[in-house]
Amino acid sequence: MAVSTKFYAIVAGVGPGTGRSVAIRFSEAYPVILLARSPESYKDVVAEINKGGRKAIGITADATDESALKSAFETIKKELPDLKLAAAIFNVRPNSRPSIKPFLELSIKDLDTSLKGNIHGFFNFGQAVVPLLLDSVATSPLPPSLLITGATASLRGSKLWSVVAAGKSGQRILAQSLAREFGPQGVHVAHAIIDGRIDVPDATHYPRNDETPEGTISPYAIAESYWYLHTQHKSAFTQELDLRPHVEKF
Amino acid sequence: MAVSTKFYAIVAGVGPGTGRSVAIRFSEAYPVILLARSPESYKDVVAEINKGGRKAIGITADATDESALKSAFETIKKELPDLKLAAAIFNVRPNSRPSIKPFLELSIKDLDTSLKGNIHGFFNFGQAVVPLLLDSVATSPLPPSLLITGATASLRGSKLWSVVAAGKSGQRILAQSLAREFGPQGVHVAHAIIDGRIDVPDATHYPRNDETPEGTISPYAIAESYWYLHTQHKSAFTQELDLRPHVEKF
Amino acid sequence: MAVSTKFYAIVAGVGPGTGRSVAIRFSEAYPVILLARSPESYKDVVAEINKGGRKAIGITADATDESALKSAFETIKKELPDLKLAAAIFNVRPNSRPSIKPFLELSIKDLDTSLKGNIHGFFNFGQAVVPLLLDSVATSPLPPSLLITGATASLRGSKLWSVVAAGKSGQRILAQSLAREFGPQGVHVAHAIIDGRIDVPDATHYPRNDETPEGTISPYAIAESYWYLHTQHKSAFTQELDLRPHVEKF
Amino acid sequence: MAVSTKFYAIVAGVGPGTGRSVAIRFSEAYPVILLARSPESYKDVVAEINKGGRKAIGITADATDESALKSAFETIKKELPDLKLAAAIFNVRPNSRPSIKPFLELSIKDLDTSLKGNIHGFFNFGQAVVPLLLDSVATSPLPPSLLITGATASLRGSKLWSVVAAGKSGQRILAQSLAREFGPQGVHVAHAIIDGRIDVPDATHYPRNDETPEGTISPYAIAESYWYLHTQHKSAFTQELDLRPHVEKF
């Protein structure tokens, strides 16, 4: 598949794991925009993609910040004036480490970090990309897609993960609402439950599934799943799937 | 059952429906604190309970506001200096009408209203009452209980209810986390999915289940369920139950 | 509450645990029929209830056997000619110990035991009692109820419990179908997920919740929950609740 | 991808919809065995695959019948003596039309048809193929896979679908048990919830997604999803996914 000259993809939330792999995978088909809070997060993968003869553009922006996101999309319009959006991946983590603590040791700030990163962030991203995806429905060869990275905590609470689970579950149900609203209009909204620890490969070759340590999830395998979701025919959309290492207890 | 002289109950979120009925039901066993954002919401039911020879105290406070809640509990300590907390019911609604709109017509303010009322509010309330409930475990005849009012939107998203569902589902999973953390310590955390429209009785007699219009839920019946949850033996706690009119489709 | 002279209850599946406790609890309000595959299972509890001045009748019948069940209801009609059915509890276990084995060591006979006990049994019981419960809707003070004992395996499969889980999950969904069909007609169908090991008390005093070993479920507490479900107002039926020891991980 | 000379696939349950499309899709990679109760069900698709230069063998057998299934696998051993099993798809329907009726109009025979087709059938098929799939783990390029066709009724009961839902939900949980038992041993067990009406194409060209009537699911799209599941890396297995038309309400 040649890289599209009419459509691009955007990956919000790029680090060394899922975001990087998804950006590489989608760059096989589309010019890819990488959004991250700091250039350190995307600069290596942007270089890696561009070196391979494909196209990637890194933009520094906090996806949970409405105006930063707005300005990012203005930049995209300048950089890729004739391209429409085919796929948007929301893979953003809250902007500080999650607070894995007993409930009574948590502060409202811990809660805010989770809600802001998971729910506000996805809300803002959704409001920015859904109109662009709707605008691509008539012409995109593959159904325009909004894909969200969920986790075990998206489905259930637990002793130490109370605020993380509150944020992830709210994000999941928000994504489900969007699927119900925009599926009939032709946009594919899908949520992936990543149930296990993700391997962070220390090398740059692709794919490296075979070198994934037993019990961890290969980010390349996640990327394949996201690509598959994007390719699903509109008569058979998946709204949610789980992904876990074959040895994972569940 | 005589009204306790050692324990009290608190109902956060009192209006003419569920909150009022729950307060009346628990006042049969405990002095009851009623929290609401304005005295209009609780003054009639406080009068009704006190007129009946039982005890109710109304306190004006926004349960979603950390410091207002703190000050409310200082007032309670002055009013009921020797009593411990046996049951806390969280029945608070966001402080403005929910935004039932297409996703692209929603603003971040609509989202904030839902998250603040549902998740922040419950988080603050939980942080205030859990230590008090833990302190009652050794002496309370019934397991100290934290009961939460959920809704259909706690379980699933839908086209027009995206931000409401994000808030309610996050609240539900937060409650589930608290159940997993504090159940083993003796506190009963239970979540009720209210799946249907609640009748708002226009009279003050109690109970009036029989006069509930077909297809609506009697708030007195909800109150009975909450009381039942509070009475469950610690060897058989319910974490979640649904409540719906017998004619409701589900 | 005096024992009814117009309605009776039936408990299918009586052993020393849940069935016995439920029969005792419902005998406070109704003459109770106890069904079991052998008189050994019910004779002590029948004696215990009758000795206490209430009324119990034991009938030997395999509730999974259509004709045995038919004949049991003919016996009931002779014994209690003027009474209608107010509550039916299905607490039957398959007629041999469940096969907790690796999948490849199971035989089709193991599967049949689970399906016959759990699904056929409940199907036959449902077909026998639903018409009787419907016939009581107009006159029963409490909504006529069909209550089913479920388990953790009703919700999820696991490595060694494959055939048990297949049977219990099929039973649960069958119960859910009946709730959706007969709720609107006034019959309350509710399913309880018993998530933990049930204590089998070795004495006959009632209630003995306080002597339940930590980590096990008191069958008396289960019985209270079943009674509560039966008392729910038709404007607020519960279709499913979970019951577990406060220390149980879930 | 050339057709394998070392591995084959088997599709149990072949008709004009999903089974045919899945057989065609897997025949691109493997010789394919098609099992059906009568040759009419498979003969056209077997001819179609063989005409295309790929390989298909039809075997007449009722997959719900233990001995018929045993004899089918003996035939396979003779036909493909050196090949191992890479993928087994269970797409069998009960052997008569499902009984979509009010509960009180159903007979035990209706129940048996559902349980036998859905649960016994899958149990027998699982017992036959799991040892073969385990035997392929060490050498198969793609993780040996057992894929099951589920439906909306696998997740929930409803008024008229009580016995269908009992059978499908029991089948789903049985599949989940197998996933938990055999995933760690390298076999991928995945269950697809087909939530919508499947289009039955009247022509033989492949693929014809574009001609699927709005609101129906293309069986070719289902086949693509099954193939994708088979290709998933063992570090990121999906256990369950849903498939529905983009316009379907859910």
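Going in written order, the chains are labelled A, B, C and D, and every chain counts its residues from 1.
In this section, a contact is a pair of C-beta atoms (placed from the backbone, for glycine too) under 8 Å apart; a residue touches a chain by one contact, two chains touch by 3 or more.
Since the model is a prediction, treat every value here as computed from it, not as a measurement.
At the interface between chain C and chain D, over half of the residue numbers appear on both sides, which makes the contact a same-residue one. Rotating chain A by 180 degrees superposes its CA atoms on those of chain D, with the angle stated to the nearest 5.
With each centre defined as the average position of its C-alpha atoms, the distance from chain B to chain C rounds to 31 Å. Put simply, the C-alpha centre of chain C and that of chain D have 36 angstrom between them. Separating the centre of chain B from that of chain D, both taken as means of CA atoms, is a distance of 48 Å. Touching two or more other chains at once are residues 180 of chain C.
The chain pairs satisfying the stated touch condition come to A-B, A-D, B-C, C-D.
Put simply, chain B touches chain A in their complex at residues 66, 102-104, 106, 108, 111, 115, 119-120, 123-124, 126-127, 130-131, 153, 156-163, 165-167, 169-182.
Residues 143, 180, 183-184, 186, 188, 199, 209, 212, 216-218, 220-222, 224-225, 228, 231-250 of chain D are the ones touching chain A in the complex.
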